[in-house]
C-alpha cells in the first residue's frame, strides 16, 4: 500500500500544453502513471504524450473520471486552477507552481478544506508511490518500492535523501514533497497522519527547514500519535535570520523558525535528527531496530 | 521587498490612514528648509531598511530649522547595521497622549491573516510578545470574509480604549488590514499609532514588507524599490533567476534547489568551514547559469574555495558537467573548485569533468570535507 | 413544546440602547422573555429595562450564556452584527432590521449556514412561542399558547391571522415571521421541517406573498414530507408585475413569482388556500377534522 | 432603481467593459449633429425605463445626419408603454458578426448570484428561457469567492465560442459580475454583447437595476435617477417613508404593513372592487403619516372611496384613531371613508372615531365589502 496516489490514480494535468506541463506529462507517462486527461483552455482536441486535452476540468473529469490533478500553470493562474479542480470534485490536487502570492493562498486553503479536498503544494515537487504513480517532477528512477514514508518541504534535498535511502536498501511507500511556501495545502502533520495510518508504511522520514512552525507542530503530533520509527533532517542550521533562503517560506523571522528550535522539538519527540542528509538512512535503520 | 518608512506612510495615506505629515530630505539644507516650513518641533529620521534606528542615533528631535539641519548632517551618511543613510524623513512633532502598536501579519500555523495590537506602543512588539504576551490582543481575519468591523472593535475594547476612541481605532485597523491584502504585504505595522493630545489618531511610524511573488501586480510598489538598500550581488542574481544570499564565510556554494542549498551550507559548517553564500541556481544548471553563479560567488573577495553540489534529477549529470566545463572556460576561477555530482547520469558527468581536469566527488559529505580543506590549505 | 424559542431561551439584544432596541427590549421583558444581555459598542455598564449592556457580543455571551440574539441595528451595520453573533457561537440569530443590501446578504447567508447557525430574517417581525418567549416586535397579547405552528413572510398580516386563530380558539405553538427580503436566513421549508418534527405542533399555517419561489419550494416539500393539517394564504393576487410591493422581495419579475402560481402549487400539495385572511382558521379547522 | 441605457453603458465603461460609443440628444438637431460627428450609420434609441422599445418603433437606424435628425424627431416625445421619450441615445453603427446575451441576476432560491449567457443574443432572454432553456448557460458565483475565471471560461466554451474569443468573453463576464457586486445591482444585462466583424467584443445595449436598499453607498448612481421616469406620487411617498404603488382601480387603500396592504387589495378585489393603489404607511400611523397618505391617495382622480385598514400591534388603536381624526381635519376628503381597526385598544379607537362621526368595522372583509359598495353607490 501507500498514501494518496497509487496505480488506481487517474491523473489530470492542468497546463498540459505548456513547456513544463508537456515535458513532465511525458515523464510521468513514461514512469507508468495513469495520466488520463490534460486541460488547457482552447486546446481541446489536441494530445500531449498520447493524453487527450480538454478545455475545462469539469469536462475532462466527466469524460475521463480523473481523480487527481497536477497543476503546472503560471503562478498568477494557479489559484484559479486549484479552484477549478476542487470545484470539479477532484479530491487530490497537487500544485507544482512556484511563486503564488500568499494573499491568494489564504482563501484557497480555506476553500479546499471546506470542500473536503486535499491540496499538496504549491511550490512543491509533487509526490510519488514508487512503481505505481509519479505525480510530480522528481526523477523517478532513484525511487524504489518499499516501506519508508517520506515527507519533505524541499525538492532536490528530498531526492538526495531518497537516493540515500534507496542505496541503503530502504525502499519508499510514498514520498511527498509538501512545498516550500508559507501557506501550503498539506502540512507535515497532515501527511504524518496518513503514514501512521498506512499499514504498509513501516518507518517515516521527515525533512524540514527553517521558517514557520510546521516542524514544531509535527513534533507535538509525533509525541502523541506516531508509533512508527522515524528519522529527520532540518536544513538551514547556518541560515541567517531575516533572509529568505530560496523558498518563500524559508525565513527566520522575529527569532522564530530556527533550525535549532526545530531540531530540539523533533528530538524531544524522540525523532533522531541527522547532521547531514547522508546520515538519515543510518539513523532510520537504528530507529527501526530499536 | 521592503520599503522605507516615508514610502509606507505614503501607502497608508492612500488607503485612508491618517499619517503624520512629513517630507524626505537628502541634504541638511533640505532638512532645515522642511523644518522651517513645518515650524515648531520636528523629528529627523534615518530612512534605512533596518530596525534599531533609535538606539543607533538615527532619530533626533529638532526644535528649530538650524537644529534640524544639524541633526540631518549627523544622520545622513551614518552607517546603521550596515545600511548607509542616504535620506532622512522630516516629520512634524506630535503631542502624544497615548501610543498603540498595530500590525497585520500572516499567522502561518493558522494559514490566516492576523491583526494584532498592544497598548504598549512605541517599543518592539517582539519584546512585548516575549515579556508580557497577554498584552498583545489579536484577531484572525476570516479567510473568506476578511477582517470584520466587530473584530476591530473587540481589539479596541480589549486594549481598554475610551469608548469615544473605539470607532476611530476600528476604522484604522480595518484600513490597515485592507492595505495588507490589497497591496500583497507580508507585514504592515504602525508603531506607534498615537492619539494626540487633541484626541486625533495618527500613524507616527510605520513599516511594510511586500510579497515578492505578488509584485507583478503592484507596479507602484515595485517603483519604490531602493536599489541603494539592496545587496548588488543579490539584485544581480535575482535578474538571472538565481536565489542568492550573501553570508559571512569563505566557502562559495552553488547548488540546485533551495533545501539542498541550505543542507550544503550546513555540511560546510559541519566540516569546519563557513559558507560565503546561499545560492540556488534553479532547475537547469546550464552553462549560462553556472557561469553567472561563478561571477556572483567570486564577486565576494572573502571566497577562498567553491563547492558545486548538484543532484541530477530531471537535469542529467552529463548536461550539468558540460555546463560546468563551459562556464569554467568563460569565467577563470582563481580559487579551488570542488564538484559533487549525483543522480541522473552522474557517472557520465563525472567522466566529462575528469576529462576536463575537474575532480568530482560522489557524496555531499566528501565534497564539503574537501572544500573546507582546500579553502584552508 | 414549540420550535426555536421557549422559556429556556436566553436572549441577547444587539442595538439595545437604540430607539427600537430599547423599546422592544422593554416589551419583550414585559412579555416574560428571558432577556439576559444587550450589546451596544461603547455602552458597557449601562442597563436597559434592567438588562445589562456589553460592548461586544463575545463578552456578553461569556458573561450571560446568551443562546439567541435579536438584532435592531441600522441596515448598514446589520451584516456585521450577524457575523458577530454567529462568530460568538450563538445558534439562533433573529434580524429585525429592514433594508439590508442584498449583495451583503449573499456571504452572510453562506457564513451562517457554514457555521451551522440559524438566521431568521432580516426584515422580519421575529418569532414568538406564546406564554414563553417573544423574540420580536409583534404584539404579544394577540397570541395564545396552543398547537398551531405559523410561518409567514409578512408582519401585520401575520398578526391579523394570529388574531383570527386565537379568536377561533386555535392557540399557537410558535409563530415565525421569516421576513420579506429576497435573501432571508430561513425559508418556509426550513421552518416547515421544524414544525413537522415538533410533536406539540398539530397543524400548520403558512402565509406567503408574491415574489421568488419559496412558496413553490414549500409546496414540493409539503407534498413529500408534511403530514400535519395545513392552511395558507398568499398576499398579492392583485399586485401588478414588475412593481415592488413594500417588501424588497415582493415583486413579480419576468412573469414568475405570481400569487396564482403559488396558490396553485400549495393547492396541488393539498394545502387549502384561503381567499381572505379571516378564512384561514376556517380552512385549518376543516383540514384538522379531515 | 432603474437607469437608462446610456447610463448603464457609462457604468459598464467605468468597470472596463468595452461599450459602443454613443451620445445622448434631447432634440433632433442635436441627434443630427452627433450623427455627423460619428459619420456613417448610427442608431437612434429611445431612452425610457421600459422594454419593448424596438417593437414600439423607439429604435431606428439612420444612414445620414438628416436621417438621424428625422428619426430623432419621430422618437422624441413618443409614448412607449406609458413612458414619454425625452432623450435619445445616438450610437455608432456596429458590424455584427455574432450576438450574445450576458446577464447577472440574483438566483433567489439558491441565495447566490448567477451569471447567465446565451448564444441567442439580441432577443428577450425570458423568451429563450421559455422556448429553449438548454440554450441558456449559467454558473453561480461562489458566495464567498465570487465569480471565478474558470467559470467564465466554462460559459464561453459552453456557448461554443471560438477559442480565440474565450479570454475576451471571460474578461467581460468577470467585469460584469464585478459591476453587479460593486454597484449593488439587482440586474445587469448586456443584450446583445457582440463580436464585430473585426473580431472585437462590444456591449451594444445594456440594462441595469439597482438595490434601493444600497443606494446610501452609491451617490453616483443616485444622481442618475431620472425624475421624469418616476411616478410623482410614488416619489413623494418615498420621501415620507411610505411605500406607494399606483394601480388602475378606484378604491384607495391605506394599510400598515406590506403583507396586510397586499391582502387588503386582494380583499377589495374579492368583494368586486379594484384597488387604486398599494400603500403601506409603515409602523406609526400617526396623524402626519395618515394625512400624507390621504394626500397621496386622493391625488388620483379615479379614487371613489378610501379604505383604511390598521391592525394595531405595538401602535395602539386609540392613537391610530386620533391620527385619523386629526388627519381628516387637515385634509378634507370628498370621497367616502371606511376604517377598519383591530388589535391593541381597537375598541377605544373605534369609540374615538364614532365620536368624530367616522364609522369603523371590526373585520377586513366587512370593511372591503362596505368600501366597494360606497364607491359604487
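Each chain carries a letter (A, B, C and D) given by its place in the written order, and its residues are counted from 1.
Just so it is clear, a residue touches a chain if its C-beta (ideal position, glycine included) is under 8 Å from a C-beta of that chain, and two chains touch if they have at least 3 such contacts.
Just so you know, these numbers come straight off a predicted model, no measurement behind them.
In this assembly, the chain whose C-alpha centre lies farthest from chain A is D. Mean C-alpha position of chain A lies 55 Å from that of chain D.
Distance from the chain C centre to the chain D centre is 27 Å, each centre being the mean of its Cα atoms.
Centre to centre, using the average C-alpha position, chain A and chain C are separated by 50 Å. Across the assembly, chain C contributes residues 107, 111 that each touch 2 or more other chains. Contact of a single residue of chain B with at least two other chains is seen at positions 144-145.
The chain pairs satisfying the stated touch condition come to A-B, A-D, B-C, B-D, C-D. Residues 41-44, 55-59, 77, 80-81, 83-84, 87, 107, 111 of chain A are the ones that touch chain D when the two sit in their complex.
Taken together, the chain A residues at the contact with chain B in this complex read 23-24, 27, 75-76, 99-107, 109-111, 137-139, 141-142, 152-160, 163, 180, 182-183, 207, 209-210, 212-214, 217, 233, 235-240, 243-250, 254-255, 259, 275-278. For chain B in complex with chain C, the residues that touch the partner chain are 142, 144-145, 148-150, 153-154, 157, 163-164, 166-167.
Within the complex formed with chain A, the residues of chain B that make contact are 106, 108-109, 111-113, 126, 129, 143-144, 180-181, 184, 186, 211-214, 216-217, 243, 245, 247, 255-263, 265-270, 274-275, 278, 280, 311-314, 342-344, 363-365. Against chain D, the residues of chain B that register as touching in their complex are 144-145.
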